[in-house]
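Each of the next two complexes has chain A plus one other chain: chain B in the first, chain C in the second.
The block that comes next holds the complex of A and B.
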């Protein structure tokens, strides 16, 4: 396993430590995925059910994360909330990646005036803060699952478009593309057969890195009361709901949903960091996020 | 040292102002286009529950009176031309002119953002340099892991935990607002107490980026020939670190500050809401909850102006800090 050489100087993680990081992240992510997929099968949860006799129990053996202000188990709700957050995050990230890849590849392959026009549009989009643009879209289309997915998808394709365009531009100058063009291949064929396969690893990496961002934005929108409806509670809704109990001194309904947001984010970022080192071995990947 | 004079700076500012015109026109046009495509109807909002029973003629008349009967680009053009004279319309949620809302709240937001950013820069520099001194060491690993964790943690969650710790458990700081309950007068001491926690949380949310860049910049600088030379001449470690590595490692990071405006606005949106801070960002959230289009349009435009100004500042500082960069080429 030690073919991945240590980067040595500059304090980059040594190969051994990188393996540990890789496996830790993979295990954490596997546990998270198993939980959000299996727990709802074993433990069907009625979101509306309340149990006032058991409200606001501190963490204990029966309720490891305690219960909330209407007696629901916080651990179970966290798993359900993470399931919703992950689902929205993955769909939004895929949307953003498809838009970004299409726009970036079109700009890079067409070149010239189209390229300049497209990059102007990207500049215009990137001069509005993402969350603000997301808030504006959700405000106009009313909170709900689809407005959130669309608003996160529409605001996050810019970096993917830039990455894919740069990759296409560098691929276009390679000999095998020249050979295909002089061999009489059509523009479409060059784009699909020769440019797209080279671009896919970068686009895939961007998509994976996008998932935590999308979850982050979804939870922020939900926390502001502009996101998912309460019967589809995500982790952001849960933190919003817990504000009242927090001011009364009960910390667990606030603390645990936040931890449930952080842990998968770190695991995904860690895995993506290793992936990035594989496909861009020359670039040091110390700044991941 | 061949510092660029005032004229290239003026020319860069002028070019950027010119370039900002189409960007702002496009952003505002997009805002009006999204509103036109959405189910939101200003006439129904204005009429409220009466709109459900009103006749079609009344609604059409109202539509004409509110000047929303034309296509959206006409409304966009009307808005743009009156915005140039300082008239941004009236906020439907706060029942006052949009310009007045911005005027009353902008100062508080700038104060909060400046305090939070100053904290992030100070803590980021100290921790970043400390981590860079011994890369891979215990302190470096702790600081780096903390940065990635904080980067992943939502600021509103950190804010709530801060309220729990400082306001609920230990009663050290107020949980939010600008003044203590029962009074409306803002005093310097009270302001400082109310500012401390929001500024700290905003600072923490901006810290990871700054810290990691300082660590990278100073770490790279420590391996440069100039530093090796300084060490070889037997200069004190302090002088090497502060005089050589920090100077060449920190400067590029400081110039990037202007480009952090979008993240700062994002952080302020969440932190102001958590702490009921009466700034412009919490007004944005109120406006969004009430679908207050005139206020949302103005605030989106204002944020775009801030981002463009930040980019200009970053380029200017970069050009001034590094004489090899020609401002003419940006």
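The block that comes next holds the complex of A and C.
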């Protein structure tokens, strides 16, 4: 009873703060999405064009984020870069989540020897650093968007598989699965009606959390010169290009792409955090605590 | 508030096959250290047996074996004279559904995503009885005392007692020949306990189903069941109802 009142007291301000966080993140993401979708319509970008007369201008009214070492507008390239990054991030995260959920659910539902074998394979893949494996995959293709998507997608399903398997294992031993078996439900019905809906919130959360991660991986690959073609406006490429100018004291070609990388990923992670909190209290009540 | 006494006449009949027969069951979760060793227990048609014992003695494991939900390491289970042909999904659907199970915690035994009416209807839908499922669900809900306003709610929106009523309705949905109630009333107040025991007894009086009631509550099980069986650390001591009752009285006084 004392816990109930303690929760009641702490509940209101915590819920308020959560609201603020939710709306801040949602607004940032809405602005980002609007910019990414609308700016290319209003302002086409010639990715090959250079303007040597205007190179390395500091931020000004004409170029709010300044220009880079070949005179390209940093703001416009940031928006285009984020567009590519979001595309890669979302598609790669979805790919990884679908693979991870399928593998994890199959392993958890099958149990026994199948489960052990599948999870050992997952362990082996996990023991190789993501980036190394990603580089290996990217190196097999010509530079482009899709090799990066494939590389990030194929290296990031492992954690999702683990999460989903653990969730399936914990659900599988619950009494309501026993009740379903006793009520005549087939294996497929137990999986589709009782197990899958239980793991979907976790898998969805993993997918959303994966988006920033995938974006960072895309940038890292581009930064290493293995991701997107170098003329492509991508955040990783821009930070890579700006390395030389940073040492000369020109901070804007590095800072702004960096912020474009950090702010949207924090917003996505913030939304995922709110989502996670929404999942958890409900789970608490399910476990009747 | 004590539960009503059983209405049917008890095990006097004695003829006919056993509704449920467990022979030499050795079961547990680690083959090297089984919880149950060579336990035998049988229920005649229409008989109500109470299974008593301390925590961890294997009561619930035995209940799961009886419901074909846990494969024993050794021993056989017979239902209505027929040997069980497997456990869990390996058991034929007809055998699995011949035993209705009610668990101790309705919170854990109810899928949190289903409404109470979907929960009650689940065995009907899982066995392809879609036609008439809605009517049967309402009938079952009425039988366990759940109003129509509660049927649209989800488990977290109802009390333990209301949820356990839905779980009892679910267990009765396929008209099982044997009911296994594993600490069904452990989390409930006295009046809900009385109501649910009445529901189970009403069903048994009409259907002639046997009952295996597992629990800690000696007073309840001795009033409810035709006989009680004590389980401690691996074997069963079958005893007449009066004997353990007297023993309990002397040790208490």
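Things to note:
Just so it is clear, the second predicted complex is superposed on the first by the 253 of 289 C-alpha atoms of A that agree within 3 Å, B and C clash if a C-alpha of one lies under 4 Å from a C-alpha of the other, contacts with A are read in each partner's own complex, and residues count from 1 in each chain.
Note that a residue touches a chain if its C-beta (ideal position, glycine included) is under 8 Å from a C-beta of that chain, and two chains touch if they have at least 3 such contacts.
This one's a predicted model, so the numbers in the text were calculated from it and none came from an experiment.
After overlaying the two complexes on the shared chain, residue contacts for A:141 are found with chain B alone; chain C is out of touch.
In the overlay built on the shared chain, the residue A:247 is in contact with chain B alone; chain C does not reach it.
Contact with neither chain B nor chain C is seen for A:112 once the two complexes are overlaid on the shared chain. When the two complexes are overlaid on their common chain A, residue A:225 makes contact with chain B while staying clear of chain C. Counting residues of chain A touched by each partner, chain B versus chain C, the larger count belongs to B. Within the superposed three-chain model, A:44 lies out of touch with both chain B and chain C [touch as defined at top]. In the superposition on chain A, chain A positions 286-288 are in contact with chain B in one complex as well as with chain C in the other. Residues of chain A that touch chain C in their complex: 174-176, 178-187, 189, 193-194, 197-198, 282, 285-288. Of all residues in chain C, those touching chain A in their complex are 64, 67-69, 88-89, 93, 96-97, 99-101, 103, 105, 107-113, 122-123, 126-127, 155-156, 160, 167, 170-171, 173-174. Put simply, chain B touches chain A in their complex at residues 23, 26-27, 30-31, 34-35, 38-40, 135-136, 140, 148-149, 151-154, 156-157, 160-161, 163-164, 168-169, 175, 208-209, 212-213, 216, 219-220, 223, 261-263, 265-266, 269-270, 273, 284-285, 287-289, 291, 293, 296, 299-300, 303-304, 307-308, 311. For chain A in complex with chain B, the touching residues are 9-11, 123-124, 127-133, 135-142, 212, 216, 219-220, 223-226, 236, 239, 242-243, 246-249, 251, 254-255, 257-258, 261-262, 265-266, 269, 286-289.
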